[in-house]
Amino acid sequence: MSKVFSVEYPILFSHCDPAGIVYFPRFFDLLHRAMEDWFTFGLEERFADFIMKKRLGIPTVGTKVDFVGPARFGDLLRIELRVAKLGSSSIELAIDSFVDDRPCFKARHTVCVFSSETYKAVPIPDELRQRMEPYLVDAP
Amino acid sequence: MSKVFSVEYPILFSHCDPAGIVYFPRFFDLLHRAMEDWFTFGLEERFADFIMKKRLGIPTVGTKVDFVGPARFGDLLRIELRVAKLGSSSIELAIDSFVDDRPCFKARHTVCVFSSETYKAVPIPDELRQRMEPYLVDAP
Amino acid sequence: MSKVFSVEYPILFSHCDPAGIVYFPRFFDLLHRAMEDWFTFGLEERFADFIMKKRLGIPTVGTKVDFVGPARFGDLLRIELRVAKLGSSSIELAIDSFVDDRPCFKARHTVCVFSSETYKAVPIPDELRQRMEPYLVDAP
Amino acid sequence: MSKVFSVEYPILFSHCDPAGIVYFPRFFDLLHRAMEDWFTFGLEERFADFIMKKRLGIPTVGTKVDFVGPARFGDLLRIELRVAKLGSSSIELAIDSFVDDRPCFKARHTVCVFSSETYKAVPIPDELRQRMEPYLVDAP
């Protein structure tokens, strides 16, 4: 059984557009925040230290998102994060989100670990990889 | 030959992250802005009136983006927008972006026209569809 | 003794600029969020309902902010909110913020209650005013 | 006669809140953008180079803003920037903004020049100061 990292964020005034629903680029802010919280609380690798002290980064390589249902001001958005695939330096995340039990957005989001010194991809640190593996979606 | 809608936006301080490159959710702000400018200047359908007076909207149905190269603070980002497919109410956009001539992000971005009154999809207005057709990517 | 509404928010990657510190406009996002949370949790007036159901708003009339010390990616920002003055429709907030015990920004921030129907100022609803009064800074 | 640096920015979808008017923290984004453009185009000191190559910064020391009238989606916001006071390392800007000829926000906004290496204030470079002086508001 794979682990799931699950968080809930309130939809704030600042997330919403003149139609009263989340302006879609802000979903990516929330997705990024879920990833930060996964590092810090799920993987016990404080994300701010990973970036600022270890001088690593996780730029986005690609993202594919289906926006299935809207989220409205005042909703509570639940984001569930799993790992779809681990490459040598790339991490493909499978991310689902819900308002109550209605699906909101579904994403396949790929980042890679890189060095802020060299601006080049580097292997996922071993210990971090081991902590990521339990989140791998089970093969069928 | 299909038409291309091309715009250039400067990469501002506010777009950039602690690594000095564009924080990826802000690319979606720039993509949305290119779409607004396409409506207003390319299709001669003032986007603010489309939303506020005509009470229509174009929520995002899905997006698929490859982030090929970074954009840095001070860069000038060129965004090229074409139409990949026109459905009855959906519009699939093919969007390329460049810094100088280096590719930055490439997107397939699908929106649909909907009514802000009923929150339901509505057909693309005829006149608007006709102005969109010249931007259709030619079949091979 | 006046009541204080106190909240803590983590400084996220998205708040920070190329210098690794909070880009100042994002402090206003955090200030607004503290105000939303004060309504919902401090005053037990759910802010999203206040805006969307009651069709009221609290546009900013003026703000005066001193930025005393920076906040960095990974810091935990504590925001303390009191009421400096209650007018018939205006609310002047006294807001202090801290990282650990170092002061970050200090604000006097004035909003007024208005109707989203008429776009005119309306009196602070009585019951809400009563719940705000305990947060009034004591006169010397 | 003092010089005025004047720019116009369209109010975009992303600037606006569920009430269809600019969410006030985004005015600070536009104010910052006006300041960036003033450096680059008014003072001929490319702002991105000032930050990234010269390793200087201009953090905000304080701001005082009156929000006199709203700006709506689709409006064109004109920002006028003058210098109210030049200290040895601080710059106090007097900023007015308008939609058509209706005033929008008025700000006194103080920044200081600092070094990104030492995180300490440094004197405004001489040549830059000379180019700023013509923007000083005339004494009465």
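Chains here go by letter, A, B, C and D, matching the order in which they are written, and residues are numbered from 1 within each.
The rule is short, and it goes like this: a residue touches a chain if its C-beta (ideal position, glycine included) is under 8 Å from a C-beta of that chain, and two chains touch if they have at least 3 such contacts.
All values reported here derive from a predicted model rather than from experimental measurement.
A.B. asks: Among all chains, whose Cα centre is located farthest from the one for subunit A?
C.D. replies: Centroid comparison gives D as the farthest chain from subunit A.
A.B. asks: B-C versus A-C: which interface comes out with more C-beta contact pairs?
C.D. replies: Pair with the higher count of C-beta contacts: A-C.
A.B. asks: Could you give the separation in Å between the centres of subunit A and subunit B, each centre being the mean of its C-alpha atoms?
C.D. replies: Computed from C-alpha means, the inter-chain centre distance equals 24 Å.
A.B. asks: Suppose each chain is reduced to the average of its Cα coordinates; what separation in Å results between subunit A and subunit C?
C.D. replies: The separation of the two C-alpha centroids amounts to 29 Å.
A.B. asks: Would you mind pulling out the distance in Å between where the CA atoms of subunit B average out and where those of subunit C do?
C.D. replies: 35
A.B. asks: Pull out every residue in subunit C that's touching 2 or more other chains.
C.D. replies: Only 13-14, 18-20, 23, 25, 29, 32, 51-52, 73 qualify.
A.B. asks: In the complex formed with subunit B, which residues of subunit A make contact?
C.D. replies: That would be residues 18-19, 21, 23-26, 28-29, 32, 51-52, 57, 59-67, 70, 116 of subunit A.
A.B. asks: Sort out for me which residues of subunit B touch subunit C in the complex.
C.D. replies: 13-14, 16-20, 23, 25, 73
A.B. asks: Which of the residues in subunit B end up touching subunit D in this complex?
C.D. replies: Residues 11-14, 20, 29, 32-33, 36, 46-49, 51-52, 72-74.
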